[in-house]
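Got some structures for you, see below.
Same chain, two partners: chain A is paired with chain B first, then with chain C.
Then we have the complex of A and B:
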């Protein structure tokens, strides 16, 4: 690099990075990142003991879910919990990994107060699975490239440690909560293949959604159910490990900060300079050095001498593969295709849980409590199925998007109303309108028994009644034809005389109720004529309870007002 | 099964056992012993072990008394749970009178590395007339107190009918031979280790000391159970398979048994008395019509290095939980340090334990091109394969092809139990060369590495000379039956 470009770059850097918000990559300085993700499995029991594996965010009494093994008392032995193996298998299959038919546990030795055994049982020499991958897509995951495949080096099963709670002076104590000790973890290590911030964000989001989708973890970063370490290096700068990153925001900020740091180091380099890698921590503002390579601990790995090899047969793996749910990307692809033809946005609503399910997440308010994307998807698919059966009576098989009604009505109208009335989706499904009922409702619209606007009115009335009658306790009986009669919502057949008479009546009574000035203005064809006419149409629609189409009303009004 | 002796006699004798031989790490109060004994006589007089008096090694956890492993580190430690084997024994009606002295954390083969001081060998070979203090010889270890407890007599009477020890590399067999009693370690995984403080799990087994074979067999029958709490416990499927195999091997009773003598065990340095006793024993076998065949198991010459790579590595790992935070005391000045293999906090460990921790850490260090532990494991597999090739009885774990055909395979292997006879306690304690002690395990270690059921029998009355009978993995009953035959004469 010439002095000129160096100076230029320095100035460029200062401009870019003093304003923290506008991060940009410097041409010629390539970011290379890898992730190491620890995921707590939400098995019923702990990894090697029969203690309950409690949810980390639950406010359980410290040290209430421990047994003798979790505390490493002399004479205790590990007994492997097979549910952890099942969960690890599911994840390995979902990530297209090569599953090790004979994986083993090893001991990783280090002294720390939260590690009562003096070692962690992990998988070092022969991990559970290798060579997996997760592919990111432009349209699904919002990355710049059309696709980006992230290779996963390995997946291993290991124990979590106890939780340390540090009390500040004057107490100056470290409290240890062993509820977390021996909870099963999966450690996943990616190749250092990320070269853009968007890819990292997308991977985290996608992985988090995947583990939730598989029901193997709550996937919450906030309470440590998922923990992410990042390794970062720019060009020839040695690798730096970033630890203690509590959430995605810190991860992204820390990577940006470290990128800038390393670029600056490289720009200021003199001949013979040796750069330091090592481990750094993130304090919310900057990365802080924890230790460098020379003071690394020798973990003295040793195969665990009493835990048996995890032996899996290919038959078992194949039988688990058959029980695997459809994966999120496949679901999205299914939903955007015929017959569902959803927009990518709607498909994601039904597939991706962007918010946490956990009660600890304060940002997740009404939206989350109203519905869960998975329940909603189940409801949607079932309703579609019922709807197709009801409407497919031999005719109109090759419609372009035969499920437009269920899509619009469920994802938009229904959810909108539920939010407005604060009704939980599951309550609605269980006690108000189940998929067959909702499909019947949609069929009435499709067969033009009620108009679109009458249907909106009707649905809202049903929901309001459901909410008001405090019938949320018991199942509500819904007889749609009866309700349509009750509210007088049948569509008017505009083609016959009786229908025309009804339309005339409605329009005339609206005109009567409207001030003469306004009518005159419309007749005169003033500058706001269109707007005013629309007002009249609206009023007529309202009076007819939506039974007449706006088109019919407009032509009737035109006739009456001689326009 | 109960021996004819009164409980009052036992209670009076126990303090003498302790003051003469330093047998116990913990002795139960007399009132408790009496009450327990009487309870059994009243409520379960017909249980298998009713009326027996027993003791267990202090590395087996019990809820009602401390479990110290003869270490300062666990001086005040009381376990909140009781080992499976102690529960089984109690249910069978024995009266356990105390926890026995041992080498700290079962590391040692002399019984001198204990925070309670050395156990003294009570064999009548050294104490002709209960004469104290003249010839204080070692008991052998690490289950020193258990061996001494069974060996010791007061006024010519046995006090303790049986005792439990643990055997990782010979810790039951060596002291049994030094104290002239029977010592049996089952196949690896036969007897539950749940509640047995680990030294080196891939080798640790529980063993039984007794003078009387029927008592020993009775105890074995009580303990010979699958335990789901122990991940290395032999499962019922394999246990049943072994029983079926044993039934098929009943022809052993008709045909002359083939007994193997391992060439690699022909050590120059074997004590001359032991050598001649062993030769006499072989002569007797041949007279009785047994076929004695020399066999070669080449990997035996690697067994000491394999053992001293595996055992200290596992030990350093197992003992890392005693970090001074939860157990022992914490050094006020110097805390646990990531970089140090052991820091001042761990000065609660005795010298021999510290030696082995250093050795173990050395073996596991990543700086050695390839972790020594893994190399040693591979050599251990070779050794097992070579044993499998010798035995008629198939190995249900390895599924190696057994050496069937009556002209080839062997039924049992015999060898001396120890290289030397016991030495003076004072000399052993002043000896600075730890490896001499390590060499003494040369005959016992191969069976530990291969997990073989092995019995040591005293063959010269009260002399501290024993021979070992090793059977194929799982063939515990075979070894016990053969021992019975030999002892009938």
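Then we have the complex of A and C:
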């Protein structure tokens, strides 16, 4: 490479990779990434002891869930927690992995304070499962390609280490909390098959959703329930392993930064220079070298003589397969098909999007705690089922989208109102309107007993009453016909004389209350006539409490105003 | 422990025929392991265990065959110290090289013992029966149910039956403490 070309390349890189610039790959420099994901399993007990496996949080008293084994006190021995086997089986099946019928635990030796045993119990020689995969799709996962299959090298069960809190000088101390020690982990290693940032984002999101869907982990990156290391290399040069990446944003920024660094290094490389791989950390701004890549032999792996091998029967695997829930991609495909006919966006709301907000114990005032996707999906499907039974008794479902009404009302109107009034979805389901009641409500709309706008008013009133009264504490009794009468919301029968009189009365009343100038402008036609007429229609709708259809009102106004 | 119990254990567990006496019990040089005759009395048992053909100390003490070129390198010693979390500062590296060489002599002797390892399974190097019972769906579910029903073990410090940090000389606000000074001179 000539000096001139190098200078040009440097300028090119500087322009492209300043913080505010949008990241782009450099032609001729191919990114290749692999992921190593550690997932904390939310089993009831720890992996090799009977200590309670509490979800780690900084507010918890340190070293309060530790027994002798967790502290590596001499003379203690590991006893396997079988719930971790069940969780590992579920994940392996969900990832189409080949499950090892005879896996084993091994000791990985290293010397550090977070593991006073001097070794971590992991699965090195014969891991739990191999050769799995997770496929990303353009429409579901927002990747550029139609599909991208990411192969998974292996899944292994291992124990977590203690949490270290590093105090800055002059204290020069590390505080150690063994509550995390011996918490079960699954380590997943992918093939280095990612060559685009979107694929990495999509994989993390999809895997996170999957482990939450299977109820085997909270999948939260922020509190370390899921930890991701990334291997990055450019043009097959030695890889760099990136560690200490606390969230997806950091992961993506670190990969972009490291790609740029490696490209720069390669551009500046002189003949005979060797590109050095190794392990780096991310400090929020840049990657920092931690150490050169350690060789495998340093860990001095050996089979753990204190633990039996895990010997599984094929019957066990088939039985677990039968108990597996429908997986997220299959659910999305079901929801976008007949009879649900959801848009991809709505299907994702019921399957993925609300996942990161699924923690039910957050403040009710916080929008994120209103619902989780799984409860909402269950409610939606049950309501749809009830609705179909009520509206199609004995008939075949032959409409193009027979469930458009439940979809719009549950995903948009109901959730919007719950958010507005800060009512938890689960409270609403349990104490206010369960699926049969909501299906009855929707049937009244479908049968035109109440208009769409009256129904909106009624639903909001019900929710408001639920929120304001003591009903949040007890189950609210809802008699829909009675409420419709109470609020005088019955639809006007526009085909009879009485109905027509009512419409005339409403329209005339609105015209009387409207300024003469506006009425004259409408009569004269001209600019914004349609808009002004719509204003009158809106006022009439409001006055009638939505009991008359906009079409009827427009027709009546046209007659009165000689339009 | 009865004699028959011991001999049955030997039949099941003995897998290290590097000691010539134990070779009586287990030969893997043919397709099917050959089990030696049953030991019939305490006297035979005593004789079996108490007759030494060679001594460990012999191979640890004999330094005559160790020449300087057979010593493990200084780099190997430093690496081992690092892996073991030991400081290399003030360490007598040469003395450690000789100690290691003596230990390696013993290991070499064990390695060079005439054993047919073709049919040995490393998975058998465990404190457990070699053949596990296959885990079925029913047994797995029962095990999980039992394990999760068990009350939090008394040793879990959450029930205040003990305080974890009481096992340490120093602690801070419920945390164990690791002093960074211990990391010095690890290279």
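The rule is simple: the second predicted complex is superposed on the first by the 525 of 563 C-alpha atoms of A that agree within 3 Å, B and C clash if a C-alpha of one lies under 4 Å from a C-alpha of the other, contacts with A are read in each partner's own complex, and residues count from 1 in each chain.
Everything that follows uses one rule, which is that a residue touches a chain if its C-beta (ideal position, glycine included) is under 8 Å from a C-beta of that chain, and two chains touch if they have at least 3 such contacts.
All values reported here derive from a predicted model rather than from experimental measurement.
Chain B and chain C, once both complexes are superposed via chain A, clash. When the two complexes are overlaid on their common chain A, residue A:111 makes contact with chain B and with chain C alike.
Legend: residue contacts after superposition of the two complexes on their common chain; A:68 is shown touching both chain B and chain C. In the superposition on chain A, contact of A:85 is made with chain C only, not with chain B. In the superposition on chain A, contact of A:119 is made with chain B only, not with chain C. Annotation for chain A, partner touching more residues between chain B and chain C: C. When the two complexes are overlaid on their common chain A, residue A:301 makes contact with chain B while staying clear of chain C. Legend: residue contacts after superposition of the two complexes on their common chain; A:44 is shown touching chain C, with no touch to chain B. In the superposition on chain A, A:326 contacts neither chain B nor chain C. Annotation: chain A residues 68, 71, 73, 109-111, 113, 125, 298, 300, 303, 305-308 touch chain B in one complex and chain C in the other. For chain A in complex with chain B, the residues that touch the partner chain are 68, 71-80, 107, 109-111, 113, 116-119, 125, 295, 297-303, 305-308. Those residues of chain B lying in contact with chain A across their complex are 60-61, 67, 69, 74, 77, 79-81, 83, 193-198, 200-202, 228-232, 310, 313-314, 316-317, 319-323, 325-326, 336-339, 361, 364-367, 371, 373-374, 377. Per the touch definition, chain C reaches chain A in the complex via residues 82-85, 122-123, 125-129, 132-137, 140, 143-144, 147-148, 150, 152-153, 155-158, 164-165, 167, 172-181. Those residues of chain A that touch chain C in the shared complex are 44-45, 49-52, 61-68, 71, 73, 81-83, 85-86, 102, 104, 109-111, 113, 125-126, 162, 164-165, 172-178, 298, 300, 303-313, 315-316, 319-320.
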